[in-house]
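Next come two complexes built around subunit A: one with subunit B, the other with subunit C.
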Partner chain A sequence: MKRLTGLQKQVLALYGGFLRAARAKAPEERKKIEAIVSEEFHRNAKEVDRKNFIYIEYLLRRGAKQLHQLKSPNTISMFTVPVPSPPSKPLP
Partner chain B sequence: MATTNLLRRTITRYSNSLRHHQIRLYASETPNENLKTFSIYRWNPDNSSKPQLQDYQVDLKNCGPMVLDALIKIKNEIDPTLTFRRSCREGICGSCAMNIDGCNGLACLTKIETDDMKTASMITPLPHMFVIKDLVVDMTQFYNQYKSIEPWLKRKTEGSETGKEILQSKKDRAKLDGMYECILCACCTTSCPSYWWNPEKYLGPAALLHAHRTLILCKVVTHTLEPEIIPSPPFLYWWISDSRDEYTTERLDAINDEFKLYRCHTILNCARACPKGLNPGKQIQAIKTKEMMSA
Partner chain C sequence: MATISATSSIRFCSSLKLSSSTTLQVNGRTSTVKVTHAGWKSKSFPSLRCTGFRVSCSAKPETVQKVCEIVKKQLALPADSELTPDSKFAALGADSLDTVEIVMGLEEEFDINVEEDNSQNITTVQEAADLIEELISKKSGA
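What follows is the complex of A and B.
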């Protein structure tokens, strides 16, 4: 197996963190959370250019914040809301 | 005859004013001297482009005097996708802190540079902070550091026996001048080179200023409770009266750290950057003195 870069390790650690945090939730919610998290990670792995470090680091910071929220015992479940794609041109 | 003359005169006058009008129209087509260019940092995480400076031209004749006025005008009239924080537009909320022409400051308190209209004004987010979008930065770290110094009143004993609030004397209140004005805009903290190199470990000028404020606040309150025990020379009671405020030593111990406090090398960029004219470096120096006294 190829050696992982620092950034790849960080991404994997974040993913592992999410799965561990999901373990503390109710079994049904855990399944849902795992599905959402896995979908998000797999989609970004496909779509994001692997050399777009600025964006990957941004996603890592965003993910770390969301993980922090998920870790709180007050958080019991997780939802996603589809976001409409932004207009390609600035409005006149 | 008289009426035709009058008519002719009005016509010529009218045509004269018309010609005047045309000349004015023509004049407005020549390059506008009131146009100012703003180079603004743009980065949107949603499209995968790199950060860049985008130029906008604003006619200063139809614009307020401050940088924030120009930003709002750009967002309203030229590019609604421009993102920045703003709220009070009078320097009391601290939302619009950004780097303007290389200096940290509040956009609502910084005048647009009009001496040199040819060079563009550069507006970037606060330096060494993570950008969320355009001029909006991630303040989580900054707020966590503020939280870590516990900027609230902590008491082991109950309040006054009557159950009323603990009043402050005017003299004690005056001790908080130069600290209570801080609005936590992060201009000082992000201008500090020491903070740039150790943002995780060093608390930064803003948090330390508030650490000193809480130190004094605790003391002020205990003094009002037992005014007769205050020792007469005022410069003495900082450390003499420590026994009455049990948390002062704990607070001092909490920040007595090579990194948390002693990364301040009195560079004093903080005092230069502060839009409220405070001097966080001086307050940090006061904490250091107290650390030495209590040691």
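What follows is the complex of A and C.
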């Protein structure tokens, strides 16, 4: 594998964090959470322009917040609502 | 017929000088050979960390087997697909996100904790198995 950039490492660490946090949840919910998280990471990996650092950093911050919420024992499940797809290119 | 018994002792001095003395006994006649091998005269011992030294003991077959099964499950490969210890995850169609999934699956299966730095360097089944053995032995040793 090629050497990873700092940003890539952060993304992978965040993904690992989500998968670890999901282990603490009920088996049914865990499956759903893993499906949602996996879908979102893979979709963004495909759709987001790799040079769109601002947007990737925004996603990282948002992900970190969501992970923080997920880690709370009070959080038992996760839902998503479809949203219009964000711009994949940086705004001029 | 000559009976030969040899005893050798290896001593590590504080200056990391390695010396060994060998005693040979041949039919009652004793001759002592003193051999001084190499030594590190300088204070600085070559750091194992800097040289990228890694203890690579080949992992147990059952560990490799278990890793193969988990990799197959995570990548949704057909059960009869060929998977050798040298198979690269990338060649099996896995991107870096899939690799994280594999490592998380391994963590849970073997009840270990892989640090992010290590997990991102794993590219083959063999590497994963070696790392797992290392972590297991570290855990049982601690």
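Here is the rule we use: the second predicted complex is superposed on the first by the 83 of 92 C-alpha atoms of A that agree within 3 Å, B and C clash if a C-alpha of one lies under 4 Å from a C-alpha of the other, contacts with A are read in each partner's own complex, and residues count from 1 in each chain.
In this text, a contact is a pair of C-beta atoms (placed from the backbone, for glycine too) under 8 Å apart; a residue touches a chain by one contact, two chains touch by 3 or more.
Not measured: the values here are computed from a predicted model.
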First, second, both or neither for A:42, with subunit B first and subunit C second: second
First (subunit B), second (subunit C), both or neither touched by A:65: first
Which of subunit B and subunit C A:7 touches, first, second, both or neither: neither
Contacts of A:24 with subunit B and subunit C, given as first, second, both or neither: neither
First, second, both or neither for A:55, with subunit B first and subunit C second: first
Residues on subunit A lying within both footprints (that of subunit B and that of subunit C): none
Contacting residues of subunit C [partner subunit A, same complex]: 89-90, 95-97, 99-101, 103-104, 107-108, 116, 119-121, 123
Residue numbers on subunit B that touch subunit A, as the complex places them: 43, 45-48, 50-51, 79-81, 130-131, 138, 140
Subunit A residues touching subunit C - in the complex, by the definition given at the top: 1, 4, 8-9, 12-13, 15-16, 19-20, 23, 38, 41-42, 45
Subunit B-touching residues of subunit A, taken from the complex the two chains share: 48-49, 52, 54-55, 58-59, 61, 65, 86, 90-91
